[in-house]
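In the two complexes that follow, chain A is the common piece, with chain B as its partner first and chain C second.
Right, the complex of A and B next:
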């Protein structure tokens, strides 16, 4: 090509350029505007920290039974921060390790659901036509089952209560919402000019889906993912509470709740209140973060507000 | 002299200096209704269009919203598949409409598109550098460091700076974004560019910059443009020849000056009479042909000549018979009245259909 000189009436360089603001900084600034989401993020951080460093935060083995207090729960004390349960195990330690279970299930099931749901929805929307019809009718069918009871049934049938199975079952039964969300996004995105431009210079389907469509559909998926973690934790707790989730003696917030409802133990309210509060606080914290992300990632509000 | 383009023309009537030739191109969008998606009708967006675009020229394509001009551009690039007709490239050597996928992919290096909306045409999640580099990667025109060098060169070509490559589209103004779109289109060194209303969305002060950029690029790179627009002044400025579309059909096609100074088709005459004149004394006294009614629906286009429902000089034949797109010494027009007058300009007087309204 010949020597490059600026063309047109005058160079576009002459026009003022707003200061360069990295996208991440902009998102953080708008996320931080909402105080509740900051509180949520702090709580999530604390819970994740406790779960990751659980063995370092307590000297008690969550499975170890103190024969001295077996059968009679002891109330919270300096020695046992959250007291002991009816089996003579340190309740603080059980709650810490229970957080691990909850987060593991919450995150893993979320990843399964998001990955599958995103790809499923993207394919349905991108190819459209009868592919879309068939795929979305299947989603409708899945949605017509009450998810929780479907999970109960699957759990009861497989009769396998390992954490992996719980993760997979929750994940594979909660992707439908994500697939609808992604489908809607892609349907509107695929008609946009930048996608037409990509087709005009011969981009293959895979490139269009993964470089042009999905990155632009991701914001609501991230929000949905955050909210899904809270939901999954709730589902896992419910399953464990019903005895179809994490099995005793492995500690989980849900099965601790169930144990606390034992008539013999009703005299020890902390056994009930502590896991209940933990579940509520965790789920609410994830919801706050999700709400904050929803506002921060909305492209319509980008760059607005000082 | 009156030679008709045959609907099923073969490439033999495409001369060697023609870059793009359309022969009876049509695009019907199906209308589906009901639970089982029954085919209940067609939107006849383009309905039998034939014209040539010469090597190195700018062909302006004007028409109202919904006249099908954008669809014509997209058919040429096969972004929509034409329902019927043929599109030839490079003097008739290639029939675009019959190309298989790999051949079509290769041909996409030769033809590019610039869009109307500079906000929708750039991926908001990609940096400008990535946007301009993508065509290079897809066609493996450069690799590694060469890509950066080529991207910088392209950005400079359109009047941007290399440091802009790391920024995102939302940081740019409309005119700058349009320049990014032009740089992306140029990345593959195309011969032919469909400019789909490239300045309609821009401020008037920026429009001139982008139009001049396109003209400079044409001079330097020998580009051929199909310039789609509804702004008749911009089209007059940039085009060598101008085609006028109405409800999916071509009404008139002629050299720019010929068309603007001696419009034959009543529709073209009414369009041109709508251009404001930047002199208040003339503007106050000039007479305009004001059409009544709206542009008809392309689902149910009028019989015969599509313009007969609004034409001030229509007569019985216009309702019954579709006028042939006829060549009068290089001035193509589809009008029975012009045919009767053997290529002379029909005079339009005030009738019940059209008022000649002095503008206050």
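Right, the complex of A and C next:
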């Protein structure tokens, strides 16, 4: 059908139509071309599986203390896959339940940051002018804070270490990058003909932003969201290591390292190596998936390789 | 150029004011408020005594009034108030810690650049070589690694097991005066930690920038007219590939500061991070405020220097 159209009309239509959003099968084909992304996806799947089915994968309660080994960590064995920690608790089940915490915080904080950042960036870009200037100066200001220190301060002053508070604090202080990203995308889409057409039909601002602009700016946001999960897991582990995040005895990868410099722990290297490796593998896995999605969704590389 | 720098310097004022208002508001609006430190202490005081102390410290006034007193004191007397814990001036406490943190940051930063830039150039000019793969792997792992964990592992392996380096502090216990060899010996592990986690961003960014430049027409022209690959890479490509990286200096500073704070905490180095964490645990609000402001000041200054560096290095950019 397209071939019968005169050339001029074809390119005019191209101009007026929203950018081509690749369909799922197309994205998957290009995503699967990269082996590292597949490895990342497999690892993410495994970690999510372990977190979801944690109670079924271990017979030990992560909080239960075995008085026989209290104070002297036992090395990994058939009974205790990852050994036991200084307080005589099974380290394997603590790591499993720690995965739960990390993913809960990683995903929830990401949702908060992405939702807020997207709406913020979209409003700034759509209205432009002084609204945009004021909103983006505020983002500049937030970017000048060493965010982690600010998160620490907020955690310390609220003095509330429930997981919900940790998620909200991390989420509310990490949206600035997304808001810049969405703003840039929307600024470039705002003047396109399909938006002008929608406006000419009398669509309200809200409809134009949510129906026409945001869906077309989605691809980079998905990539940023995937990478943000890894960042949030790192932030949570840092907070918990310092004692300002997930509180002992609730198991978390970060707070398992709190007593890392005690002599009993330094003489039990598995207590140090395992949580750190889990953090690294998880964050790297999410980054692999994010990079793979970037290549698969980026219109610039589309159609080049195949 | 000087007009540009002057304008940027004036632009810093509202930025720093905004930062100070936000951090002040966060602390003042906290549940329990600034005064809660006195009711939570080991020897709780009577309500009447508490009221007297709060009045003395000005804590019974609304937070924005407190803020203006704080700001007035800072601008007129260059005074950030007194620490709640030991009563010493916050300004003095911070100024004596800053050199330590800056020393750690600058040495690590130089090491990062010395490793990252040559590696990235090699990786970009030898795409898909072994070096390229190793550099990419190191970058991914370094990016996913918590700074504090790397520090702990370094400490466990090189200080506790092998006894090659000291585990904490900046100088030998009981030693007096400054000893360069001793200082270097103490700095090896912290600097290695901070350098490794920083390498990731720099190698990836520099490699991407180099690849972009190598695809440009003027590089093909230079190669086509018979210049040696060496001249093309180092004279034509590198200078242009370094330009966008200057911007990264500014963007990367907050992360570098955070990394330095963690490194200080793991290796018990008495710098700003160590001071800040203790202040947070002890709810020493004047000190927390001071450190937040100084950190932001470092970041903003770094951004400004990066922008000026960019303007100096790139003749295409003129801000008049």
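Convention: the second predicted complex is superposed on the first by the 278 of 306 C-alpha atoms of A that agree within 3 Å, B and C clash if a C-alpha of one lies under 4 Å from a C-alpha of the other, contacts with A are read in each partner's own complex, and residues count from 1 in each chain.
Rule of thumb we're sticking to: a residue touches a chain if its C-beta (ideal position, glycine included) is under 8 Å from a C-beta of that chain, and two chains touch if they have at least 3 such contacts.
Please read these numbers as outputs of a predicted model, since none were measured by experiment.
J.: Which partner does A:149 reach: the first (chain B), the second (chain C), both, or neither?
T.: Only chain C; A:149 stays clear of chain B.
J.: Look at A:257 in the shared chain and tell me whether it touches chain B only, chain C only, both, or neither; answer first, second, both or neither.
T.: The answer is second: A:257 touches chain C but not chain B.
J.: Thinking of the overlay built on chain A, is A:159 touched by chain B (first), by chain C (second), by both, or by neither?
T.: Only chain C; A:159 stays clear of chain B.
J.: Which of the two partners, first being chain B and second being chain C, lies in contact with A:272: first, second, both, or neither?
T.: So A:272 only meets chain C here.
J.: Can A:283 be said to touch chain B (first), chain C (second), both, or neither?
T.: It touches chain C, and chain B stays clear.
J.: Looking at A:68, would you say it contacts chain B, chain C, both, or neither? Reply first, second, both or neither.
T.: Neither chain B nor chain C is touched by A:68.
J.: Using the touch definition from the top, say if A:59 reaches chain B (first), chain C (second), both or neither.
T.: neither
J.: Between chain B (first) and chain C (second), which does A:203 come into contact with in this model arrangement: first, second, both, or neither?
T.: first
J.: Give me the intersection of chain A's contacts with chain B and its contacts with chain C, in residue numbers.
T.: none
J.: Can you check the complex and tell me which residues of chain B touch chain A?
T.: Answer in residue numbers: 74, 77, 79, 104-106, 108-109, 111-113, 115-117, 120-126, 134-135, 138-139, 153, 156-161, 167-168, 170-173, 175-176, 179, 181, 184, 187-188, 208-210, 212-213, 216-217, 220.
J.: Taking the complex as given, what residues does chain C use to touch chain A?
T.: Touching chain A: residues 14-15, 18-19, 22-23, 26-27, 30-32, 140-141, 143-149, 152-153, 155-156, 160, 254, 257-258, 261-262, 265-266, 276-277, 280-281, 283, 288, 291-292, 295-296, 299-300, 303 of chain C.
J.: For chain A, which residues are in contact with chain B within the complex?
T.: Touch residues, chain A against chain B: 1-2, 4-13, 15, 17-18, 20-21, 23, 192-194, 196-204, 207, 211-212, 215-216, 299, 302-303.
J.: Taking the complex as given, what residues does chain A use to touch chain C?
T.: 137-138, 140-141, 143-150, 152-154, 156-160, 230, 234, 237-238, 241-244, 254, 257, 260-261, 266, 269, 272-273, 275-276, 279-284, 287-288
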